[in-house]
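Note that the chains are named A, B, C, D and E in the order they appear, and that numbering of residues resets to 1 at the start of each chain.
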């Protein structure tokens, strides 16, 4: 296996005494669809939080490509390092239209002065149109994002993340509230984008995980409980006990 | 118990649900499915009174509540679990539950709530806003249950919840159904889950009911056809 | 959709140009006194534009813009004062026992420098405060109240150091600028026309700024500052920039004010004027650039009108005006026009959300 | 009526400019005069009653046939406790309404704001309040006390009767600071001791700390040049701190009967003031004045020095106009020289040299009923000396000020 | 030594005054997020109420009962101010919860109207209130005199503080208030009558402004513009303490009070104000959201 794009060493996140993440070692391989599952409160979202800089690790180190120490950087600097993240609850710009949302998300110089003189390039226009097609928001491109349905918002936010052309994509429950059809669409999209970047996904939908995961990490009480393929995960007794429960066991059996 | 006639509602000029008729009987679990953005949440929001219908009527226990305030609907025994949790972030978990009691007439949180969702006891003193997504979802459900509502509106209650707890929620719903006369309208994306709890299924598309059947007559492929058009 | 936007720009262009021409023609049909008043209102309007950039588009409410207005005004006034005393020490310095001209007054003997400083000093003060506050993500109401405290302090300082600022009385009794009699009718008309031109320039410059991608980023910061960070932006820099820019514009307005009113004093830069400035923007309609201009002129015209007609009870009417506008014109006066043309319906929908965000 | 003119109506603007420039305000059968005081904002607490007094005078004059056989028509404007507004309104009165004269102002700041306006348009301003001096604009008549008619004699009297260690307390603006500059020079010249000097922002409300400092210095006299609200806070808190007029005498130059009502007589009882007029001043004119003032504005309305100065200011102007036979400013100014009038405080005379008035100086003590009883007065009206030229200890001051 | 004690006492005293005028604001502004610019005018109402009741006593009550007027004024001021607040909420604020900044503008207008109303009723000049005899003079401690009026205000502010705290954090009604302020819509859906809660809360906040006004008659002028001289300080206290944090307001008030007094003592009133501002800026560098920070996971 090639060397990891992202490596966490002995990371602890402590919320006034409560360790949401506890001595976690964790690695993400390039161009892989890497799922993180685990009980509610296991620390999955917090894991994404420390990687993207929203929460600062109490101790431990987070290294990008073995070199860059992330925990020192601010959120926006981390983004420019090539890490983009989608939040658990859709967070988009209600008062901007769908297309505006994508426009400000897209990869470009984002410092003050290059922004003042920012101009549309045809290539940018093209990119955004492709993206609109891809996530099927073409029809609503001029609608206020605030007026989209929950599912549509999810798609928009995924699109915003992709517009940044990151090396590592962090998705927190991207298919929450999506119907079967859209789940599959999302899944295909993820496989597609994972061809040239790493995708780290937090998800609870086992069928979905099973279908698209290259590798699955199971978190429990802030630590890594198990790592491997979905089959291995489902066979693991502790994972079943703390997380999966009976139904999934059944369809593992048959 | 709850009967909706010719309901039309939406946001400003945009009509989202049109001509919805629905009848929910005592102790019946109705399930609503539909693709994203067809108006499921809007329907529930209109029933609880966040949105006010442009047309049509809502009767609850043969009383017209079409124009009643949400609070009075809640007082009449309608419980609501919104999509996206809507926890009170700076109230502790316990206080969140106490607010849930406002609708009912009992004064303290029933122990069986903690049996359903143990973490709520462990985290009683933590701020609701600090909970994880799934924990918040559990809190939202518990908050609706504490007042023993006679009618429950559940908007995708299993969203973001770990599988084994999803099963528990499933059990909870069944349990409530068996132990009380409570009726429910349940918005859900997972057909298996629906079949295991519901009595009757509606599929909505573009704000209209396009398919309805008692659950035992529901054919998966028919449903999926509507869900994927 | 595209072409409705186009239509809108078209129609707006026409309206703006008409207003602009009308203003330029005003000297032909207005008495010196009224023209002078209008000129004062337009100076306020310039400030209102900057305030709208900050509040309407970036969601940062400053209740302290009187200070920047004042700094600009004082810079200009200091030069005029030195001109008037013709090299001798200004009277108030003498009373407060100053020997010779204090250092900070030296540069203001030169008009060009004074004018430059009139824009630079407010900008620098804003840059400093903005940097310190925004960098630490002090935002929303915290910033607002801080900006108000700034007013309190600067005013106290200005009043307290009478030997440098003329204290409560401020600076007045000017004579000449570039050799012209500042109070002469012809000079005043010239000042008026300059004000109109500056107003036009500032307006179209700001408009260009916010119509582009930059404007959308500002809205993004207004509605979801933290989210913007995860898109790779550093909101603090943007906020500081806009704050500084609006301060500079305020300074510019202040200078034009002094030239036409002939006096600047702490009462003009204090808490109350600072709040009124926000009222102009709100009344005209924030986040529209043109609204604040209308607001500034109308509010002040109303003030003058009320106080001239009912000098003893006019504040009733002013108060009532604010209440009624807020209740019945949530989007300000420009909101009215929008209602007529429901092009921008969607924005009305979410305007509530936007204000919520910018404050919760 | 004229007031009702809308602010934004251009037509109305043009008309007024077409009117003849000479003989200001003297059109048809009425003469317009401007009244410009703060009717709103912090200064309204003091200025409204001065305005009332001026309106009373105008009413009386009109009843007696007006001026030059014409009725006076007051045009009232609100200075709103905001100096630029004073300038704007003065402009409006002179350019728009073309009034024959303006009666107005209280704080020196407001006067300084109006000064360039009246000079630019060669108008007239009658300013009714004691002030710091160092000014004599040809377009302003100063009917309040110059420093040598209030402050200087007060200091002398205190040195003679109350002791020679002084504590100077004032609001932080031009009047107190300039007044105290003079007092410092005077004390030094008298070899008296200045133990402290404190300034608080206008509207300051907490005097605990100042009082603590006073307690430490324990002076014989506090010379108080606080203006407005602050006086109430200061005196109440001084009393609470257990300091009475027996321990330390406070002499105030901006506290008159009107202010005492707000402070509470019980609080300030026994402390001193220096003015040219008190409600208790014993002249037939005053009896009349107080009577008609209270008839107009209520039994418990009180009169005070600035009120009286506003009142007789109107009469002085009226006499000058009659003398000149026109309202033309230059001619009125000429005619005004040496004009006298039997004012409630005694006979006042306009000093042609500086357009101030001769006034009698009176030191008084506050009584339990809120009235001020006279302790001492000058035998005759004192010649106004705004630049304190008569006092060589003030020479440095006035020299540096000759503008 | 004495100086130090006295300065400290004066600081605490100033702090208690700041606290008293800020408490109401800590509710309407801190909890409800309504920027009520008319708060100062509600203080004014309290002050004039005291004046009116005093006048009534002067004219109709037997002299020996005169002092009672003050005891009676406090609850009356509370009720009247609360009533006006309630009126304000129902007629105006209620429609502006979604637009907190607009409430700033509207209440500013209301403030102007209230001021002018006071001027029309009581006249522009200040009115006088005679302190009750039991609050004149002071407690002698060694060579110092601690004015009874100051001690009284200190006590009053503490009583108000604790009653407010108890109400909001220990009673069901208070819990309802906090819930509504955090998510009005959801609270409504759970059966809380947000209208009642809003009205009640705003009334309470306004009521305490009235009490403050009543107390202020012991210290300073009573005129139409009394409110404007206190309002900004009140906002500062709330912000330094941390919006929505009651105990923050306490620390804010006493912090500012004591520092201000010390600064003023060693320099002068003007410089004192300036130094305070610098300290506050510096302080917020260290604690960007006030003394009592309240973290939240949500993005915005």
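Please note the rule applied: a contact is a pair of C-beta atoms (placed from the backbone, for glycine too) under 8 Å apart; a residue touches a chain by one contact, two chains touch by 3 or more.
Since we're looking at a predicted model, the values are computed, not measured.
Visitor: Hop across touching chains from chain C and tell me the fewest hops that reach chain D.
Guide: The fewest touching-chain steps linking chain C to chain D number 1.
Visitor: Which chain maximises the distance between its CA centroid and that of chain E?
Guide: Result for max centroid distance from chain E is chain A.
Visitor: Between C-E and A-C, which chain pair is linked by more C-beta pairs in contact?
Guide: Counting C-beta pairs in contact for C-E and A-C gives the edge to C-E.
Visitor: Can you work out the whole-Å distance between the CA centroids of chain B and chain E?
Guide: Each chain reduced to its C-alpha mean, chain B and chain E end up 43 Å apart.
Visitor: If you average the CA atoms of chain A and of chain E, how many Å lie between those two points?
Guide: Each chain reduced to its C-alpha mean, chain A and chain E end up 48 Å apart.
Visitor: Between chain A and chain B, what is the separation of their C-alpha centroids in Å?
Guide: 28
Visitor: Going by the contact rule already set, what residues in chain E reach two or more other chains?
Guide: Within chain E, the residues that touch at least two other chains are 115-116, 228, 268, 270, 273, 298-300.
Visitor: Residues touching two or more other chains, restricted to chain C: which are they?
Guide: As it turns out, chain C has residues touching two or more other chains at 156, 159-160, 223-224, 226-227, 315, 349, 353, 357.
Visitor: For chain A, which residues are shared contacts with two or more other chains?
Guide: Touching at least two other chains: 87, 89, 91, 147.
Visitor: Using the touch rule from the top, collect the residues of chain E that touch chain D in their complex.
Guide: 3, 6-7, 10, 13-14, 17, 115-116, 119, 123-131, 136-138, 145, 147-150, 218-226, 228-230, 261, 264-265, 268-270, 272-273
Visitor: Spell out the residues on chain C that touch chain E in their complex, using ranges where they run on.
Guide: Counting only chain C, the residues touching chain E are 61, 129, 132-133, 136-138, 141-142, 145-146, 148-150, 152-153, 156-157, 159-160, 223-227, 271-272, 275, 278-279, 282-283, 313, 315-316, 318-323, 325-327, 330, 352-353, 355-360.
Visitor: What does chain B use to touch chain A in their complex?
Guide: It is residues 11, 14, 33-38, 41, 83-84, 119, 130-135, 137-138, 156, 159-167, 189, 191, 224, 227-228 of chain B that touch chain A.
Visitor: Touching chain B in the complex: which residues of chain E?
Guide: Where chain E meets chain B, its residues are 172, 175-176, 178-179, 182-183, 185-194, 244, 294-298.
Visitor: Please give the residue numbers of chain D that touch chain C in the complex, ascending.
Guide: 3-8, 10, 13-14, 16-17, 39-40, 76-78, 80-84, 87-88, 91-92, 95-96, 107-109, 112-113, 115-117, 120, 132, 134, 172-174, 177-178, 181, 199, 201-202, 397, 400-401, 403
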